Structures are given as C-alpha cells and as structure tokens.
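Quick one: the structure is below, and I'll ask about it shortly.
Chains: A, B, C, D and E, in written order; residue numbering restarts at 1 for each.
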C-alpha cells in the first residue's frame, strides 16, 4: 500500500472475518447468517427494529425505505416510501417493488423460509408509485413487526423475468443490485466478498468506505486473523478462550450483546428417513426423559462456553423477552435416569457396558456439523456422559450442508442443532416445535396439542407483555416435561472490533444492522483504509 | 498418574533399550546388521519404535485412565501438564498421556495393517505382472497407471465422505487398498530384473518349478526395496490417517488416534498447545524413526554399500 | 516421434477417462438427493422435481454417464449444486490460485532441495550433512498441517495481500517438499559421485566445483525429473491439507469442500483435473527426460 | 563331426531371434529383431569338449541357454542322447534336467545371495528327490570335497566367498544332479589367471572322473585351445568355422579365425607373430551386413563383390574342418 | 641412466574400513620409476593394488575412506605431487599426467557430447575458446582413428561402441599432450580384436607423441607385447621388477613364475596343450590382513621359516646395472632351495 490514497472521514475499510460464506445474495431464498449480514447492507426493509428490540406495536420501529406509515384501519397499514430511495442502477424504488417483493416472499415456488411468518398478511397493494397498503387477516400484537421485519424489498425491474422456481440459482444472486448503503463489488468464492459504500445513499453517506468479509474455515481462525491484524471485526467470540485472546490485544475492543442462538440435542420422533414410523427409541417419552436427566448440562456448558452462555430453560435464546430462569425443567439426576432405564428394561445384560433390551443395544447416532466447534465438543462430552449411563452414542460428523440435508430429510436419530432466533419467539417456536413445522423446520417432528394451544394463545390473543410471558412459560413447561430435546446452551455474544473504529453500536438481533453509522476517524486511518482501489 | 504408572513407563523404556541391544547383538554377526546400525540414527530410531510399541501393548499399565474417560469436565479441562497428567488434559478433560498411549495402538496398528494390505497386494500384483509379463503385465500396469493418476488423499476422501459410517476396519482396508500402486511398480521392476539374474536361470536349469523359482529365488531377492518401502509406507499411512482425521474423516470419536488428537487439539492450539503438540510430536518421532529405519534398511540390504 | 506422441496421448486420454469413470461410479453409487440446500431449508417438491430433472438424476445411471461424457466432450463440466454456478467457472477461479501456489512451492521445493542435496552429498557424513539430514528428516516426518501450526500460533502481522497470503502455504509446501527432495538429491548425487566418469572428470584436472556442479549434478538431476513429474500434480491437487488449513482458495480446497458437501459435479471435475495433471506431469517428466538425457533424446528422434 | 550316431549332444539348425523390445512404457517403437542365433548346428560326442568361441554378443550364451531350454528357441532340434529336448513337456523336461546342467560366467550373479552354500546345494537334491536329511549333508560334503572346497564352507553365504570359490560352488551345484552334459558359459572369464588355472584343472579332472561332456563357451582362444577337443567359432549368430582343436589352431581356414588367433596376446616378448589388426567394430546382430557377415572387416585380399552379396555356406574345406568362407581354400 | 620422469617411492595408500574389519593396506610401500618415452607394465592379480597405485599418483583416492600415508613420495618433474597445493595439482592432472580407465562404458559422462568431453581439459588447462576446443577435439578424434570425426564430435557416448569409446578416452587423455599417460587396464573390457586395435593405437601414439605410458594390466600377454619394463605387484607390494625380455626369460619371484605358468598359451606346443595348468594354489588374501613375513609365503611352493617370519626387501638380481632387475624374495639369498624343490617342469 502506498501513502496518500484516501483521506478524510469517509475512508475506513472494515474487514470482517468469520466462518461461513454466503450462499446466494437474494433475500427471499436465503437464511444463512453470512448471507443475511451482506444482504442487510444491500437491500433495505421498509422499517427496522429499534435498539430496544421491542417487537410489539410500531412505536419502537425506525423508518427506512418507508419515510412514514399510518393505520387506515386496525388491519390496514399504509406505507409512504421515501422518494429519495434509488436502486443502484439509478431507478427509483417504487411501491410496485414492494408489492412484487411480497408476491415473491409468499410464492410457494420460491418457498422462502419466512413465508410462514407472512401468513397473517392478506394482501399488499399499491396506491400510487410511493404508497403501499398492507391488509392483515386479524389484529395481533406483532403485526407491524411481521409487516416490516422479514421482507427486504427487491428490484422488480431486474427480477421479474426470473422464473419463480429458479430464484435459488439466479445469476443476480452473485452480482446483486440493491438499494442499501453499500453496493456489491466482488465475491471471490472461498475467499472474500467486498462491498463499497454508496456515497449517494439517501439516508446519509456511510462512513466506512469498504466492507470486506473474509471467509475463514472456523471461528478460531477468524479470531487469529483478527489478532494478526488481517481483520478488523469478528461477530462473536463464542468461547472464553477467544475472548481472552482478544482481551490480551490492546488494539481490540469487545462489545458484548445478547445472543440470538440456542442449541440443543434434538430427538427424532420419527424413524430415520421414514416419517411414517415412530422412532424405535425416542418414541418412548420415559426414555427421553431419562436421557435428559442423564446429562449434566451445567457441566457441559462450563466446559464449552465457560461464562459465555447460559443453560436455557427451554427452546429460547437470551434475546427473547420471555427468558425466565424460573421455568420448570427436568433436573439433572443420573440416579433417577438409571432407575428409569432399568425399569424400562434397558439393562446391561452382556456386560459390555452398554444397556440392551431384547438383544438390541441402547444405541443411537448423533448428527453433528463439522463446521461448529462448540457442537462438536458438546457431542463428545455427551457421548461420554451417555456412555457412563450405558448408552452408546456414535457421532455422525458431517459437513454443514450435509447436516442440513439430512436434518431436513429426517435422516438422523438425534442431532445437535443450533437456532438463530428472531427477536421474538412468535414465529420461530411454532415452526420448530409444533405440527406447523412438519416438513419444515420441525426436523424432530415433535408435537403436543396442549403445547400448541398455549403457544397460539401467546402469539395471537394475549394482552400486554406480562400475560405473554406467563403464557409462554406455561407452554414451555409443558414442552419440557415431554423432553423432545436436551436444551444445552443459549449464547451470550461478544463482538470484537478494532479500536480505531468508533461509534460501534450493535443491535443484538443483527450485529451489522447499524454498521453504516460506524466510522473510523481520519486520524486513525491505516494503510488498509487509505488504499485506493 | 501414580507411581506404578511411572514405574511401568520406565520399565517400557528399559525394555526398549534391551530390545535395541538385543537386536544389535543378534544381527551384529551379519554384515547387513552391522551396516544397519552404522546408520547414525538407526539405534535411536529402533528405540523409539520399540518404546512406542511396548507402551502401546502395555497401555493399561502405563496409563492412569481409560482413553475416553472425562475426569472433570468443568474443572479439569485444558489443564497444562502436571505430575497427575504428565501431558496435560484436553478440552474434554481427558488425560492426554492416556489417549496418546491408547492412540499409539490405533495409529501404529492402522499404519502396520494398512501397510500390510498394501504391500501384500502390491507384491502379488507386481509379482504376477513381472513374472508372467505380456498381456497380464500390460493389463495390470494400466490399472496401476489409473490408480496412480488419482491422488490417494482425494480418492480416500471421496469414498469415506460419500459412504457414511465407514467403520475403522474398512477405513484401514481402504487406506491399504489405495496404497499399493507404487509398491506393485517397484516389485514388478525388481522381479523383472531379478528374474534375469543367473541364479534364477540356474534354478530353472536344475528343474525347479515356477513356484519355487518365484518364492525361493525371485521374491527374496526382490525383498529389499519392498521392505524399505514398507517401512516408509507405515509412516505415510500414519500421516495420511492424521490428514483424514484433520478433515474429520479419520478414526471416529471417541477412539483416540494421533491424527484425530491433533485434529481435535488444533483449534485449541493457542490456549492448550499440549493437546495437539504431543500427538504431533509422537507422529513426527515415529515417522522419523520409520524413515530412519527405512534408510538404514536400505543401506543394510544393499550389499554394494559395503565398499562405500 | 510423432507416432510416439500419438500413442502417449492416447494412453493418457485412456487413463483420464478411466479416472473420470471411476469417480463417476463412486459418486453416483453414493448419490443422495440434490434437494438438500446448503441452508437446509425445505425445498418445495416442485423445485425438487425440477432439480432432479435438471441434473438428470431420474434417468438410469448408464444414461447419466453417457450424458456426462457427452457434455464433457463438449467442454461442459456441469453445474455445481453447492456453489450454484458452472463448475467450469469455479475451476477457473481455483486453478490460477493453485497454479500460483504450486509454482511457488515447486520452485522453492526444487531450488532448495537440490541445493541442500548437493551440499550434503559434497560433505557426506560430515557435520553439515548429518545435521541437515536430520533436520530434513524431521521436517519430512511432520504432518503438513502440523507444520502449519507454528505460523498459526504466532500471529503474523502483515498486509493482507495476495503475495503474502501465498507465502505461508507456499513456504510450508515448499519446505516439506524440499526436505524430501534434498534426501532424494543427496542419494542421487552420492550414487553419481561414485561413478567412473566423475573420476575421469577429476583426472582431467577440473576444479571440484566444476566436477560436482557440471559433471555430477547433470546426471544426478535425471532421477529428480521423475520426482518432479510426481510432485507437480501432487502440488496441484494433493495439497489438500495445506490449502484447507490456510484457507487457500485453490483446487485442493475446492475438491475437499465439494466432497464434504457432496457436490458431485465438482468432485468429478476435480478428479478429472487431478488425473489430467498426473498425466501431464508424466508427460512433462518424459519430455524433460528427453531434454536432459541424450540417451533418451536420441532414441526418441 | 556332423550329427554322428555317437554324439551325446546333437544340435541342428538352432535359431533364436529376439524380438526388439519396445521403448519406454511399452509404447515406443519396437526395435529391430536381434538374430542372436541363426541356424547353428553341431554335435558333441560323449566325453568330449566342444569349445565355442567368438566375440562378445555373437550369440554364444544364447546357444548354450537354448540347448537347456532356459530360452525357448525359434527353430531347430536339440537331442540329448537321442531325446529331442525341444519337444518335451514340463515334467519330462525337468526330469531331463538331471542330465544336463550349466555353469555361468558371473560368479557373483549365479549364486542366490540369500542362500548358504548348503542350501544352494541341497535344493537340486530336493527337487529331484535324490537325498534328504543326513544323507543330503553327506552328499553335499562330498560334492564340496570334489570341487576342492573345505566342507566347512557349507555354512557360508555367497558373498563370503572369493570368485574362484563361488565358481566351484556353481560347479558343485551343477554336478549335484550327476549330469552327463555340462554347458560351461565362460566359467573362467571373470577369474584371475591363477584361479582360472585352478578351475580349468578342476574341470578337466571332473571330466575325466565322471566322463562328462562339455560345451565350453569362451572368448579366450588360448583357454579353449587348452580344454577343447573341437572348436567352433561364431560370428554374428552363425558358426563360421568348426574343426578339431589342433587342426583349427594349426591351420585356420576362415579369415576371422585367423585374425582372432593373431590378436591374442602371447606372454612371450620374443614371439614374433604377424598381427592382423581388424578395422572397425563388431556390427550389431540387429543389423547384420548382407552377404558374408564378416565382409566389412575382412582382411582377406581376395574380398570381392561376391562376399558382399552372397552369404557363404558352412562347408567342409578340409577333412573334418568346416568353414563359411568363399575363399577358405586360400587362407590368409 | 637418465633422471626418471616419475619417481614413486615407498607409496602407502590405506583404506580405513568403517565397520571394524581394520585398515586395508591396498598399496603398501610401492616404489618404481617411469622414464620419459618408455612403457612400463604394471601387472598383478585382482586386488593387488594396481588401480590404487595409479590413482595415488594423481591423488584421486577417495578420501575418506582412503589416505596416502605420510612418508610416501611421488616425484614428477622434480616436484612431490603429494605435497602440492590442490591448484597446482590440478594444473598437472590431465595436462602433464593423464589417465584412462578400464571401463570405457562408464568412464564417459553420458550427458555430454564426446567432443565436449575431449575438449574440456584443453578448455580448462589451455584456455581454448569453444571453437578452438572443438577443432582440437576433431583433430584428436582423427588422431585416434575415429572415422568421420567432424560428425563424431557431436555424438554422445552411448552412440558409440566400446572400442570407439576407449578411443575417445584416449583422445581425451591426450588432448593436452601429457608427458605421462596412465592406462589402467585399458583393454580388459574389450574383445581381443578390439584390444589389438587399441594396443596398436597406443603404440602408434607413443611413437608420435613420445609420452611415457604406465600400462596397468593383469594380462601378461599384453605386457609382453607392449611394455619395455614390467613391475609385478602382489598384495600391495612390488615383488619383481625387470625389463620385459629379462622378466619373461628369467622370472625370479615364485609368484611371477606361477603367473606365467598359469596362463594357457596359444603358442604352447601341442603336447602340452591339454595337460594340467600349473596354477598358484590358494587365493589372494584380503587387503586388510596380509600375511606376515613374505606376503606370498602361504601360497609359495618354496616357503620356509624365514619367509614366514621376515619380510624380504627388494633384492637386486644382479643383471646389468643395479636396480635393473629387483625381486622381493629370500630365494635370492638362498638359491639352492629353488633347485632342491624344483616344483615346475
């Protein structure tokens, strides 16, 4: 790098290191978080969540594409688009784009992952080129959230011709044209992806001139690159080891924020690969409960995460407002677990250390993605804890894509899953733990009508936050007694960012949501910042 | 680690020393034996191998824990070496020394068995091709060409990754079956040259049948490069297994192999370097020893080296 | 000469064809569904059927095979499921990276290896020889990815540019290679140095340097050509571990990722590239032999 | 001495052509056919020695080996005591091998380095079920004694022996099956003169004691003169002259024989012999010259166009003496 | 007598074998002179130290394992070669003293043209240009009788036959017109007819160029035909040394005698032709353990106690000038013992 180059307030370059690479930069068809991070800078929502994280009502939401909105009726929401908004090819963003976007998101051929969350919206129509009207089927607490949070507006003039079944392979997805603060520059597979600030962005020119994602094999390497100075930011440190390494480096600052992820061992209620049959082991509620009680979740958590996570009292991340440590769960009680197993007929009759019944050993395979170090560690710890209980667990450690494919196809006995949640449980929990998620995200095919009823009530008909919380807690306690999973951890996040970056603000649900306001003061620029392209 | 374990380790070291001395004494009478130990690192190399084989065989005596036993996951994870855990504990609070010793069984076992498979196949194919020549030779060697045209690692990865749940035995077999191409070339060349030597003609002139000619005259004299390549091959297999494990496709957890120990310890390198360092050193040491033994064998089995 | 070349090429093509067929079989015998998406999202049955049709997976394997070969003959390597782009494009991106890495490593490997080997041979059994020999043995005995740990631990502070990122993996590959090459070269040198013509050269009153570097080395390089022919393709496709550890976006990593992700078109294409490289390496070695060894050169013409 | 009834060994029209090998990887162009042995005939009476001489590469060893069927000939007939060796099946051939044996030139290459002398000698006994156990031990000791080696050598490996000792072991191995006929393929060429003398003496003694028949292959005419009753001279795969020893040495008829004899250095500084120095090298048997194969180097003053075009037949030019030269009647 | 060109005195070249079997005293006190223009034959059986002697002269002994013992002395044109600086030694090698070897097949470098290899010495010693060197190489090839030298100069060794290669070796050795040519068994690997060609060539070249030749061979016939004087070696020592006619007429050392009697002779009278040869019993001992006393005594038909106990010096046989015929044998002091045994006919 030579001296000179870029100087001033709009020069910074932020290199973000992290494991994982986007699949495709088309908002409706991707749910990978690396994709979402990039997409966030390219495509705008109508409005976005505020720093409070409140999803109920519309008071805490910030305008983005829509400069303002009003309620015509309790179920009719009218957005007025910002006339300054432009696609990066120069076209104006119009109401038609919004209607088109809704159409795409709800198309069954496109099959967007967020389609279920839009089911309460009856229609989206345009009133004029800058006015859009959302009509809801019913009134409920998070209706505004549903209207704005899930959809990123797409350029209809560029995408209308793409057949709906081919959105997942659209060429656009590797060279997108957006309307956000950054525009796409380059994507080198397996290596890096680069965005450049759109200096004419209508909500204000971003201070950081370039955003570069550097893809690393895992989080460990990402932190190493950060410490080596090859990168400026890492989204999450995950383990105390990483945190301590970062802490030791005076160039780096740590920004803690609430985690959106929780992880659990998921029992498959159906036979692997055959959803019509119950699972030979996990169809048995008593057995599942015994397995849950076998595991010392606190010990495991301390081993893997130290103090950087908590044991969740159910399927929830720390960002949820319903997080309640008082929720009733099955205890860690290996003696009781052993008694239960014995009572169920599972005893070690042949002395090989593994319990068996009718000549079948008590054994199952655990599906783990190789890409996640914490989950691999959990898998090994669990393996040993189960072995001590006389349960033989073999690990299927597979690549992430294979993990997902098998999970979706139900080809597993048990799997170690992690979920990145929305800011609210309202759509995520039903999709993962009720019949609504069958064939969808409910890979384990758990269902319990009592639980489903409670959840439905919590989502649609409660009044006020307290009642919501109470209802949710009741629902989760029902779930916990059924032991469909072993809830292992809910993360606590800490991002690490180079100290020359100022004004770092992180919104827990999406850490780079506010990156356009981050800046590197002119006097702290390094060669990397100054370099001309 | 208790007193008895320490004593057992010492015993193993002494035994290894005795083995070296004994081998030296027994082979000292022969010129090849003297040539072998003339190699500067031959004796230490034999010692290293003997030591690892001994502790591996006597694993329960020299180790305080079972290899998969998690001592205390909350408090004893990632502990640096101490008298209790001479090589420290790993992230799962397992004793690295115990795993290393039990891992020796697996790693050395894989190396030896896979090599045996490879060498056997290679000798048979190469011997057949070299002895029968003509179309048999041509066909087999084309096959070998194809085998050599595919990087071994790549081939293994493909099979192991695409067919799920590959049991250890099959993995070993696969490693062996992808490793004989070079050997068969070597054997063939050697057989072709040995069968032209006059003592082979003499044996045939005496009325020896083909079997006797091959097994008594041709193969024993073609053995030197085969033995050498086998010694080197064991090391290669161990490195290969380590590589596979590193990519998550080697010996499955919780069984310890040096390869998967490194792979598991690798991400913890910054905070718990002992987890990957010791198995890494063990591999390096053993492979180095095998290489040294291979080199020394090369000298020992090559009578031309006598005048050197 | 022309006839020889034609025969060689025919044999080479046959080998490549065999490798591709083998890979195709292995891959298709283990074939899963293409409907799994990298993000694991449910794929609607309509799309799944569409994909199946597009990849021809509903046809019998023989039909698929002929189709694949046919496409291959037209230079069409297929479409990567995981990368969502033409396989050729992915290869075109990875190959230059790999070439850069392999070439750097190769130069390092042979320059250093040959120099060390010659030096060791010249000082046979003296301190320099034995010390270097043991160092080489040690480096050669390390798992490559293990060697990598050192730079990983001691974070290097540096500018993030291509040249620098090339340095570490190339250094690793080159060093490990050089350690092996040096041992090889030393043995070859010692073999040659004992030969009569070296004595002849000395008897002529040549300087030792000229004897070693001109008379002996020229001959000792011949066996190294074989090694070169073997190393060249290995560096291109076999540097799987190093590329993975250093996250170097080359062929090796592409292949491994594809294997792990069950991205069959890339896997088959990578096998194709690998075998082509091996065959090319052999051809190259033979050609070099011809250049370097007059005994072969004259026979071939 | 063409195929006489008394002959133990009778070779008729022996031909062996080696196909040219292909080059690297079996893909190169096949090289020209080597006519290693091209219509060779001779017979050896029981108890006699035929010396076969010629320059390197002229096909002497190939003759010896095809007779024993260590190499399969392309054409011809080889009879041992009337039995055609070339038509025998595997089992019969192995049985016949008790009657004919071979001793090789290279004392280093002809013994299996992995076997002790005892094992080497025990093998033929085992193959032909001649002796086992203590009996074999006694026979081995006797054999060693017979070839002039201390029975203590039985424990030694080949590399522990000197060249002469190895050659003796090779001879003992050949003798172990009590053959009638020995092919001696340059048995002394690799030995020092003093040792050579010992081995030659040994061979002579054995021949007398056991009434052996020898085909003695050599390139040293002096040695052959010393051991052979009859001598055949080969040039490029063909016999160019054949005669009883004394006759051949006294009056060679073929110019090649004459030049060969004159080229042999004699350890006597006073000997004033006319030395004929041939020009040029031995041509390759892969591209033999047309006509008389010797014509390019022939020093005969009458050499003419006929020599270049018409191959001379091997014919009787004096009683008992055959030569293949158009001008054999006018020797140099 | 004139001053010798090359004077070797008490040359001892030992090899230290690495595995404890001791020191091989390959050459153990060899002395001889080589005069300008003469041909000196050096004969002896395999392993008696002929090659090591010749290599020692040019200090081409591989070190380790070999070394020339202090006290040895090799004088060439008034200078001791053994104490010369490497640089000065190189100026002599290939320039003043040249050497050809036994194996023409392996003594030429396969990867260079013969022309280059011939010219190289001239390039190094006489600083010839490439062109001039090539012209010189062609001249040399013509000199040694290679047909079509202008073409042959660009050939590689493998394109030539054994005889041609040996000619190339000779051309290479003679390119700088050395004063001494050491020929170590130059014809052993060749057929007799080719051997005759090469010997003839050497004779002719010696007549033309006038160099001294040290002809090493195990073939007494070759020596008889080519050498002016003969040195017979046994077990690392000179055992007899005499002008050629004298040696063959009056061999005094029992070893020389035995050698002569071992050779089957083409000129033997027919009566003797198929009789027994009189070989020397036993075999040459290993260089690492020569017998004490006279080294030949275990194989000697005349040996008595003194031979076992006392090593004989080189004794003058008293023919012509002193030093003309010397023999290392006690028989010279007690000639009656020879007739008493009369082992040879």
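Following the convention adopted for this analysis, a residue touches a chain if its C-beta (ideal position, glycine included) is under 8 Å from a C-beta of that chain, and two chains touch if they have at least 3 such contacts.
All values reported here derive from a predicted model rather than from experimental measurement.
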Shared chain contacts [chain A and chain C, defined touch]: B
Topological distance between chain A and chain D, in contact steps: 2
Pair joined by more contacting C-beta pairs (A-B or D-E): D-E
Remotest chain, chain D as reference, centres from CA atoms: A
Approximate Å spacing (C-alpha centroids) for the pair chain A, chain E: 91
Centre distance in Å when chain B and chain D are each reduced to the mean of their C-alpha atoms: 49
Chain B and chain E, separation of their C-alpha mean positions in angstrom: 52
Centre-of-Cα separation between chain C and chain B, whole angstrom: 24
Numbers and ranges of chain D residues touching at least 2 other chains: none
Per-residue overlap in chain C, given as positions that touch at least 2 other chains: 11, 152, 244, 260, 262
Touching two or more other chains - residues of chain A: 224, 370, 398-399
In the complex with chain D, residue positions of chain B that touch it: 31, 138, 141, 197-199, 201-209, 212, 216-217, 220-221, 303
Interface residues, chain E side, partner chain D - complex: 45-46, 161-164, 191-197, 199-200, 218-225, 244-245, 248, 258-268, 270, 273-274, 276-281, 283-284
Complex contact set, residues of chain C against chain E: 125, 195-197, 199-207, 210, 215, 218-219, 222, 292-295, 298
Touching residues (chain side chain D, partner chain B) in the complex: 26, 65, 68, 70, 90, 93-95, 97-98, 100-102, 104-106, 109-114, 123-124, 127-128, 159, 170, 173, 177
Chain A - residues contacting chain C, complex: 1, 15, 23-24, 29-32, 35, 108-109, 111, 113, 165, 168-169, 173-174, 188-191, 214-217, 221, 224, 227-230, 370, 398-409, 439-441, 527-528
